[in-house]
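In the two complexes below, subunit A is the common chain; its partner is subunit B in one and subunit C in the other.
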Partner chain A sequence: MPRRWLNPTAIAAGVLLLAVLVMAVVAPIVWSEKADAVDTDQILQGSSAEHWAGTDSLGRDIFARVLVATGLSVSLALAATAIGISVGIVLGTAPMLFGTSPAGVRAGRLVTAFVNILVAFPGLLLALFFAVVFGVGATGALLAIGFASAPSFARLVHTLVAGIAERDYIAAARIAGVGRVRLLVRHVLPNIAEPLVVNATMAAGGALLSFAGLSFLGLGVQIPSYDWGRMLGEGLGGIYVHPSAALAPGIAVIVAGLAFNLFGEALARAVGLRNPSARPHRTPVAPAVSTSDGAAVLAVEGLRVSYGAVTPVRGISFAVGRGESVGVVGESGSGKSLTALAVARLIEEPGHVSADRLEFQGEDLRQPKRAHRKLLGTSLAMVFQDPMTSLNPTQRIGRQLAEVAEQHQGLNRRSAWARAVDRLRAVRVPDPARRAKQLPHEFSGGMRQRAMIGMGLMGTPALVIADEPTTALDVTTQKSVLELLRELREREAVALLLISHDVTVVRQVCDRVLVMYAGRIVEELPAASLTTAARHPYTRALVAAVPDMDTPRDRPLATIAGRPADPAALPEGCAFAPRCPLADERCAREDPPMVAGVACWKAGAVIAPDLQKRSEAAS
Partner chain B sequence: MSVLDFDRVTVTFGRHTVVRDVSLAVPEGAVVGLVGGSGCGKSTLARAAAGLVPLAGGRITVDGGSPRGRISMVFQDPYSSLDPRMRIGATLAEALPRRTPDRKSEVARLLDLVDLAPDRARMYPHQLSGGQRQRVAIARALAGDPDVIIADEITSALDVSIQGTVLNLIRELHRRMRLTVLFISHNLAVVRYVSDTIAVMQEGRIVEHGPADDVLSAPEHPYTRELLEAVTP
Partner chain C sequence: MADGAWRRFALRRTGRLLVSLWVLVTASFLMIHLVPGDPVRAALGMTASADLVAARRQSLGLNDPLWLQYWHYLRDLFTGNLGDSMVSGLPVADVIGDRLPATASLAGLAFLAAVALAVPTGVGMAILTRGGRRRWAETTYVSGSVVLATVPDFLLGVGLVAVFGVQLAWAPVAGRGGTATYVLPVLSLALGLAAVLGRIVRVEMVSVLDADYIRTARAKRLKARTIYLRHALPNALTATITVAGLMLGALVAGTVLVENVFAWPGLGYAIVQSILSKDYPVVQGIVLVYGIGVLLINLVVDVALALLDPRSTIRES
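Showing the complex of A and B:
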């Protein structure tokens, strides 16, 4: 995306780098003569109109020499970087090329260990060592700096390759009999090129500085050639008399070094971090008009979540009664998770939430208030899909639970811990007093999910929002976690909002089901009648698409034709119309309103078998 | 006659034994389902057959010979199993045997097999949906004309609505081409739908193996019963 490039730093860096590179090519051709012209009448002059940066001990124009030296300085830096990156790629990919045979693995480890040792040495020390080995002079310095930068490149390549090598497409290519070298060239290198180029650009800046350093010390470029480092060294002797002789090459080094580094930074930002581009404008929230009805824990009306111009949740309304269990089902991208996050006030910029009504426990959540934090912290519990990432891996389970009680209920350390143990017992963690002292990695997936639920129960929640709580779990564990949720609901009178793509999961736990499609609720019905009395064609297709233990094996599964709706390009009429076997002209033209629990012009119409068939072929 | 044969296979990672002494036969033209919880070793067994993991003991054979080049695999995550920098056509062509005369028409034939239009060959993976990517992965698995296809959790990363189309495709291909398939999944209902026989794996061992109907209607091992209880509400 070009707009990611358009920030002042990136533009300045690009222009600067381009100028340096053009100068490196052009200057030696244009100003060589002037730079080499010896004028014994003008020895060691200060700056003047004729010689901007003065003259050196042979009366040569220093400014011209600085410009001409750009060529040698920059090309040496680039060549050194090229050496570094080439050697780095060879060393970094060696472990992969050696293969997985025992001998290969051993050789690979040897190379890695060698690289690890080299990385531990400071770069300049290595460069000095190599400079002595390769002899004093430009070639020696080139090899020295090149090889000195190789270890860090090798390390980088090794890490990147290790990340790529685990991808399944590498395994697939290996199974297809693709050789290691081809694997490397075709699959690995193209996929690590971006970070490598970014690092190479910055390394070129570093190499430029190193060259200046070596030449300054007299280990680099030798007479009669000259680069910025040597000029700096020569000029330094008379810095009090003719400061410009040392300052001019010094400034050149800084400018060129900055150009490389800033450009590298800009590149890194362009390929890596994606800046949120459009900030949504905050629309003023309408004053609350509704009276809160005491029965509902959560009342939502006209909830919308938008990211810039895209609105993935398009005005949904529902309520969750005290102790009620409501399921939300839909495909990925239907907006079901965003709905949950919006209710818990967890949507962050650039996302924007608006609603005609958003009440939790009778409290209007739309106005940002500090008090909400406490209310949400104690009365609302959130359980996410992946319990591994939602727990801090370095802290004991009991501590993490206790922290909640300390924060929101003001309990002291000891009683908070006691409550944590009690809550772990409540979620059926065996031997809770001992388990509370363990770290998350000592818990199995199911146990971690229990601990997460237990964390939600540290307060006295009125509502638990569970977003795909069992998707990452085994079937056997899945069942026990669902049973736990069901049991807690009865015992603690907690309402539950369960979000899942799996109709069977929702059916097991919930009283009522909301079916979402393209950011809207398209049907609302009792969970018990999901399989028998669903009226929206989408709900029926969703139910039929999931094989269960009674699905006839001799017939193809029902499927939903086409792709899920793209929230950025919704059709004019019913969003499901393009995939619907029943859709006609009206469906394509007019968006159906929610009437008696279903938003469909054809609600309840019979889907003829041949239409079902057609939808299969089209997918 | 069995095509893919695991004979007392053991796989270890360091000091951990992940697959213990597993013997399993996948007969020609059959779909054998392999179910088990996460970490039971079912995926490791698959990777061992594909030559991605070395064996610590036992033997894996195809038709009595080396499995090398005769097994192909479809992976779980359609987002990580296709090279993002390579066009679909190139990905498929790479998996074709070396001396394929008309690669272009062969790629088109493969895409047609999995119900994708031939112009998809020019696209990159990110231009396809998850279900379409999984179809490409299946087409790639068919490219080398393998004796056995191993499908490792190929529907678990997909939406339920797309899962159905992929399962239908596998069944259809099996019927049409007499494919031999080792179908691995943690979802018993999915395995039941596509498999002729079902093997149940727990903690690195196969604890039960038999015709699908027998295993499901009269499970012998307690773990199989536990799995069955978990899916029947």
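Showing the complex of A and C:
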């Protein structure tokens, strides 16, 4: 804990607060005489070498008076905070102290409700009320500010106590027959002390400012005593002739208030702080070679996505033909989703995308152009993984669809809405006219995903990029959403790029499959031959990890040994080598290039049963 | 949103308002009885004759049993009768009617100014500094607004008076008259609030801009303006309105001090004078007005939240 304190703000705030506290003790002893020395020859002087902040109407040194006033100002603020905390603890723990008898519970609720009502009123208003009740003067103001801050402390204590009341050690103490007061003092209060102290520190700053306010109004400290607020009030009248008389105490209030507040905030940060970890470096390797199709909707060559020194997508090349359905499979962290985002030009800073070729509908997307907005807005549809969070929670579904047509197709509000309803009907949202008026939280997950797909159909998409579109859905909904995607493809001749970690899904929906591992495409093959003709050991492992009807029930499910590669710390040679049952020295040394649809030195080699077993045992 | 949820929300909210009002009215009634000593003696001074004090007590009804006084107080409130000032003899309702416009216009303008400053700066800073970009701009903005927010509004007022009133003589520093007299009081109330709000707007915007639905909006290739203002801002405003509402209550209270800095002829100036001269009926009346103002603000905030984010009403129930 002490180490986390060592940041400049915390140290500065601590030093400042210490200085204020020391001054509060020392100044009244050292400078009192000077502060009270009346000098009728020096009335209302401006600042000079002798009187830094000038003199007041009795010729007393204002700077000395400001220093001396630290004592009264700070001690009143601390005393008021102490009153506030004490009353706050009593009120906040009342529900607990009253116990669990019906009458006790009712009394506890009453106190809580009362506190909740009081909290709604600003502190200053409460302070004014109590100032009237307790009478004008330092004591009255002290009680007023103390009581005024009590409700918010009570609320805080109540929340904190409620937070730990169900903990095991409290329950254990209760069962052991510890009395309520003892339970509170010995078990509850020590466990909420930390946040309480943090809040008290900041509240002391607030009390200091409040006191300055009340004294300034003439309701607090009275002549002949003086605190900063009193001096401020006296100085304001003569601000035209003598501004420093008002400014000097004002600055003192601000400095002391800041000291308490900043220190409180530093405390708060120290209590709940985490350190961001550093990222290791890695130099990327040369891009793999792949084929591309001339009549492609999408053609990608040498695509790379990097975040600083880390490159999660390391030069991949592929193409999606017109109306074709291409799947991208791989474990999480293989770069699938980043590839999808990069192709759609949705990677934001600090991410960086580069490519030798990135063409959509024959248009080079590498240099952003105005015209791309309309092209991508109407011809490229995106479906994201989590339909719960991918729709704007504060906009009606219909609106979220309609705005696409308004911005890209120049439709007016009414016809855009009509098209939105029509598109919702096209994706089989029942009763679309009524549903369009609803907000996303009124839709089920599957319905939201349909709405997402409908959103992509507002234009005339040539390609739908679906990033794990069914992962967040339950099995039956999954099936119907996949059904919908397949149907759209047939009806509208749309190409589909389906990103998924689920080999089964990809096999059902896609014509061709790209297998990604550690930011590279390691194998490319027809979906139909995924189970029969996979040559890369990683692809085979992925396929083997999916149980089917023939999988023996008595054996554990196959898994892929080891952990997915960390893009920040890739091995020298083939990224899969550390997990590969076939890997030899060459695999560990040299990264295999893409040859005839597979990037593996051992492509197609038979995995001996004993090796297979060893890899399973290793997991 | 379902009608049932709205009805439950309205019922619950009205109930809370009524209970709070009752607490407020009762506290205001009890104020005069909680004052140490005889409030009439305190108001009239030590030199007043015992007969005068007794007569005044009689006319204020202070000799009646407490429950009867309470009943009279409530009955008078419903007819708009807040009693008469013990100092000037004027009806308290008239004093408040005189002063309320000055305070309400000051608080209202300050709030508008704060929002007008906070939303554009917060949104702008969020767009500039999201995703850890431009750390220096973020640090400058955050520490600047922390300092500005820590300075209490009346001290800011004193500073503004010293600089713009005294040194530069750009703006009048006391009283209420033309537009120019509003500048400094409004600024002293608005700047601190704007600093706090601007910071919240920035933080909320930064986190909203990271949300999946913003990615969706970007995938739709909407105009940047549409993404920021129509998709991000409404979602960032929920927290902002909550805090703004809480701070608006504090702003109302803040007018008390600022009015006294600028000799502003509003309720705040009046209540302090009345407390000092122990003119309790006026104090009671003004406390009621402030309290009701705060309760109404809280109500408006809750309704605005419910409209902006209908889920909040469901969550609460």
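Observations
Keep this in mind: the second predicted complex is superposed on the first by the 324 of 619 C-alpha atoms of A that agree within 3 Å, B and C clash if a C-alpha of one lies under 4 Å from a C-alpha of the other, contacts with A are read in each partner's own complex, and residues count from 1 in each chain.
What we mean here is this: a residue touches a chain if its C-beta (ideal position, glycine included) is under 8 Å from a C-beta of that chain, and two chains touch if they have at least 3 such contacts.
Note that this is a predicted model, so its numbers are computed, not measured.
Applying the stated contact rule after C-alpha superposition, one finds that A:E348 touches subunit C and leaves subunit B untouched.
Of the two partner chains placed by the overlay, only subunit B lies in contact with A:Q478; subunit C stays clear of it. Put subunit B and subunit C next to each other and count what each touches on subunit A; the higher total goes to C. By the touch criterion defined above, A:V136 reaches subunit C but does not reach subunit B. Of the two partner chains placed by superposition, only subunit C is touched by A:L125; subunit B is not. Of the two partner chains, subunit B is the only one that A:P564 touches; subunit C does not reach it.
Within the superposed three-chain model, A:E331 lies in touch with subunit B and out of touch with subunit C [touch as defined at top]. In the superposition on chain A, A:M452 makes contact with subunit C only, not with subunit B. Applying the stated contact rule after C-alpha superposition, one finds that A:A172 touches subunit B and leaves subunit C untouched. Using the contact criterion defined above for the overlaid structures, shared-chain residue A:F384 touches subunit C, although it does not reach subunit B. Shared contact residues of subunit A with subunit B and subunit C: none.
Within the complex, the subunit C residues that touch subunit A are 1, 16, 19-20, 23, 27, 31, 34-36, 131-133, 146-147, 150-152, 154-155, 158-159, 161-162, 165-167, 173, 211-213, 215-223, 226, 230-231, 234-235, 249-250, 252-254, 256-257, 260-261, 271-272, 275-276, 280, 283, 287, 290-291, 294-295, 298, 308-311. For subunit B in complex with subunit A, the residues that touch the partner chain are 37-38, 47, 50-52, 54, 69, 71-73, 75-77, 80-86, 91, 94-95, 129, 131, 137, 140, 143-144, 159-165, 167-168, 171-172, 186-190, 192-193, 216, 226-233. Put simply, subunit A touches subunit C in their complex at residues 113-114, 117-118, 120-125, 128-129, 131-136, 205, 209, 212-213, 216-219, 232, 236, 239-240, 243, 246-247, 250, 253-254, 257-258, 261-262, 265, 344, 346, 348-350, 372-374, 376-377, 380, 382, 384, 386, 389-395, 403-404, 407-408, 439, 441, 452, 455.
The residues of subunit A lying in touch with subunit B in their complex are 100, 167-169, 171-178, 186-187, 190-191, 331-332, 445, 474-479, 501-504, 507-508, 541-542, 545-549, 551, 553, 556-560, 563-564, 616, 619.
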